[in-house]
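Order as written gives the chain letters A, B, C and D; numbering starts at 1 within each chain.
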Amino acid sequence: MTTVGFIGLGIMGGPMARNLLKAGFGVTGYNRSSGPVEALAAQGGRPASSVAEAVRGATVVITMLPDSPDVEAVALGEAGIFANAAPGTLFIDMSTIRPDVAAHLAEHGAGSGLRVLDAPVSGGEQGAIDATLSIMVGGSADDFDAARAVLDAVGKTIVHVGPAGAGQTVKAANQLIVAGTIELVAEAIVFLRAHGVDTRAAVKVLAGGLAGNAILDRKAASMLAGKFEPGFRIDLHHKDLGIVTAAAREAGVAIPLGAAVAQLMGAMHAQGHGSLDHSALLLLVEQLSGVHQGDTA
Amino acid sequence: MTTVGFIGLGIMGGPMARNLLKAGFGVTGYNRSSGPVEALAAQGGRPASSVAEAVRGATVVITMLPDSPDVEAVALGEAGIFANAAPGTLFIDMSTIRPDVAAHLAEHGAGSGLRVLDAPVSGGEQGAIDATLSIMVGGSADDFDAARAVLDAVGKTIVHVGPAGAGQTVKAANQLIVAGTIELVAEAIVFLRAHGVDTRAAVKVLAGGLAGNAILDRKAASMLAGKFEPGFRIDLHHKDLGIVTAAAREAGVAIPLGAAVAQLMGAMHAQGHGSLDHSALLLLVEQLSGVHQGDTA
Amino acid sequence: MTTVGFIGLGIMGGPMARNLLKAGFGVTGYNRSSGPVEALAAQGGRPASSVAEAVRGATVVITMLPDSPDVEAVALGEAGIFANAAPGTLFIDMSTIRPDVAAHLAEHGAGSGLRVLDAPVSGGEQGAIDATLSIMVGGSADDFDAARAVLDAVGKTIVHVGPAGAGQTVKAANQLIVAGTIELVAEAIVFLRAHGVDTRAAVKVLAGGLAGNAILDRKAASMLAGKFEPGFRIDLHHKDLGIVTAAAREAGVAIPLGAAVAQLMGAMHAQGHGSLDHSALLLLVEQLSGVHQGDTA
Amino acid sequence: MTTVGFIGLGIMGGPMARNLLKAGFGVTGYNRSSGPVEALAAQGGRPASSVAEAVRGATVVITMLPDSPDVEAVALGEAGIFANAAPGTLFIDMSTIRPDVAAHLAEHGAGSGLRVLDAPVSGGEQGAIDATLSIMVGGSADDFDAARAVLDAVGKTIVHVGPAGAGQTVKAANQLIVAGTIELVAEAIVFLRAHGVDTRAAVKVLAGGLAGNAILDRKAASMLAGKFEPGFRIDLHHKDLGIVTAAAREAGVAIPLGAAVAQLMGAMHAQGHGSLDHSALLLLVEQLSGVHQGDTA
């Protein structure tokens, strides 16, 4: 039986580890706070009280952590993964971090005899619970094949997109398109309302044509209702757009719309709306246009 | 049998008129050039040699013309629709024109005893041929009900979105979202290529998540292949974004992304690429970024 | 003695007409409301009770009116300038209007035997009072020479910039640069405050280098003090940016920064701040950034 | 006699060190390549073959280096300034670097008994030669007073703008305004040309009004002539706009125009025009608009 060391049992990592258990993998789980570790143990997992303990005996190690520095600390720290994993271990980082950090970890891993994949996900908490995540994987083809069984247990669309770091690059592109699409839908909604259009009917017909997108399908109804519980927090999307703009700058790629929406997401963050769902960009378009939620239904 | 006077038998209007014939309507067709009129006659329609002749005896009149001034001329001209249609005639303009012109025509119609709907479509030539157009209809609920049978013969998703002009407003919003989404996908593609990612694999995984949209589904493959045959011409989308920005300005709605992409579409137009498909915005992102189509597959 | 028919004796036109009187010209003045006409008469002008009366006997006619439709009505109307002016009359429109309207008036004038110049000004009420206006003149060189003496009486920098409409085009460019510069200074001020910088000292050093501009010189102090009495109203600058974006669109010129600042000025207008000075763009940057005037001095 | 240790004798640092000598200061100079050190010695300076040697015996140390990492290495390195300077030494960094790095150096200095100022300059090579630089100084008021005599020898407008890092923050704001103003002038020039306006006459009248700025005064003539020898290189301005956007992001300040022009400067950099003067943004507006330098004079 393959044993997976799983580090980071939060909103995403918790259900992912459970799905690994359900699929028949052994899972040794570690989390900074102990509650999630105990929850995992209650479901048949093995509790670990340190990163080192989670890593020892595992042939696959997964991390699911908030940001680049967290992953770097857990991977490269003195009591971390690279210091404790057996040669040949497959280390899959499923966090959303900077592509250059992902590439750096892979390089480091090669020197330490570890096999490293970056495999960020999209699909949110519900996707983690339902094991329907989309997973964009960077690394070697051999390592991707080796990881396949594990990834199949937590996701549905699993695609090898290129060498080390490529998974994070695709995730960055994902966040660029998502933010921009939310803003376009927000501009359209305020535009439609200002002209006295029945927005619910309009969303229906827009969703059916070339303007159709996942935001219209999944978010427009709550946007029209003025509901902005996350979902995916503005704080996190703001962090991700920082990754996008920096990576585009470094690569010499012009992203005029990406840069513009990064300013708007940043404005929401600066105004203290970081804990709202990212679809709350609608509130900013309303603010700019001098209208208020619900002025016109 | 309901007789429909159909004015404008071009790439869109021609197949739409044929679908009306197939559905059992009588169709009297007029077009500025005579070829399409003869083609319609060969399929069982009645040829008309003037707008007046197309309108006389019809209980429904449809226009499918390029731009606002064309519709105004045909509707309001001395030998036009309003001067020749019987009281109670249902006039459905299915062109894409300015919302304020549509509203003005409706107002004019009310004074002349005509019933007026604006009913622009999306779905392109193929949608016109297959009778699967999405139709966004502005006008009164009664007139919408009266038009239902005719619209069912040419479209699939048919939605009443509000009062006179509302159909055009929703079409404008549609064009805003479509242009913006193309640009976001273009920025993502150049970004992904610059980082050495397998773009075909990336598009596949992007399309499956919250970044999913109709451009990724229908246009990304040809964009990746560098094929930009229209489809929908940059010239026309540039015209439509002029309608969007003017209507947003008039309504006091801020559309920062809409205004930015209007500049980019305008740049493609200014550089002489007006006859390419609108997805050729990719070429502009490549130009800005100093890369050339196919530099990296 | 040259007699000037002066139409539009408002905040700008009033003092300009007075300066013509001081310079020894005869001035027949007309205004829609009679107060300014009486004021001019008290200073030695001749009152007129209609456009026709102001025009008759004049060898030069000047208009100083709010917007394109006003000038068109006064020039082309039945009882207007073209209908009443003697052949050879020099008609100088000093209003800020659309370049294409200015060109159209010149064309019309040529057909009517009138000589037409567009000569919009910059410099504000104070410049009008002090006769120090900058005047950008479009039309033929001969007509410019003929107008020189009259323009010298109301302005200081008087430049012939091209054929009919060129004056309005330069004025549009002026408004583009002014709006953009205000926004740049506003962004800089909020940026500096957020970092705890002494903004008054910073403005001083910025004004002395390559970042130096007339906004830093004339507006920054009132911006830092949160004083936004016009000066030049947001409403009018919003109107002017509509002219700029339309003229750029028509000419196929990309103005990415111009289009962006037009959105921001439009947002201020939409939020009901139209009667503030255009330097109140600072309030919008503060709003976006979640800070409030005076949070940090 | 005060002895100044001067590190970085390049295009800017070389003439600045010479001006210190002229003003009667002793100068010990160090540069990575030895040519500039010999040149300084020929003018009466003392050559140093290491940072440590330049620092020893100096009561004031000045650095004039390309970027943040250079300054960090020279200041914090094993054989660097902090390791070799006597307690109480005044360390003035006149490079353009990140404000947070400047603040960090000051903090570090406080711990090491050094007094640290950040004092970036504007005015270019000519300003360095003529000792007319504008200098924006961050740090304590006492240290500013202590540095005054030295700064007076190399600059003209010397302003204390706030605590440690504030000088760099003001320099960042300077670079934001300069880049944006160049782009506005570029948009105006292409706009004017497209309408057939005499651009030289237009620049003259624009420069005299509220649109007036230092770019119109110092750069417009070379822009109109299509001359883009630096001056200040696009590469460096691109680097500086990276500092601006990062610092604005960190502070939660919205800079919509700043972010837009950073994309445009980045596009010029990506297209390989990094060694041109920053006023070559004009070429980008021409590219976008499909016109070519000189198409219309």
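Keep in mind that, in the parts below, a residue touches a chain if its C-beta (ideal position, glycine included) is under 8 Å from a C-beta of that chain, and two chains touch if they have at least 3 such contacts.
Given the structure is predicted, the values throughout are model-derived calculations rather than measurements.
Identification of common neighbours of subunit B and subunit C yields A, D. With centres computed as the average of Cα coordinates, no chain lies farther from subunit D than B.
If you average the CA atoms of subunit B and of subunit D, the two centres end up 52 Å from each other. Look at where the CA atoms of subunit A average out and do the same for subunit D: the two points lie 40 Å apart.
Chain centres here are Cα means. That of subunit A falls 37 Å from that of subunit B.
The set of subunit D residues that touch two or more partner chains comprises 252-256, 260, 267, 270, 288-290. Note for the complex: subunit C touches subunit B at residues 242, 245, 249, 252-256, 259-260, 262-263, 266-267, 269-270. Listing the residues of subunit C that touch subunit D in their complex gives 99, 122-124, 134-136, 156-157, 159-163, 165-166, 169-170, 172-178, 180-181, 183-185, 187-188, 190-192, 194-198, 201-202, 204-206, 208-215, 218, 244, 247-248, 251-258, 260-261, 264, 285, 288-290. Interface residues of subunit B, counted against subunit D in their complex, comprise 256, 260, 267, 270-272, 287-290.
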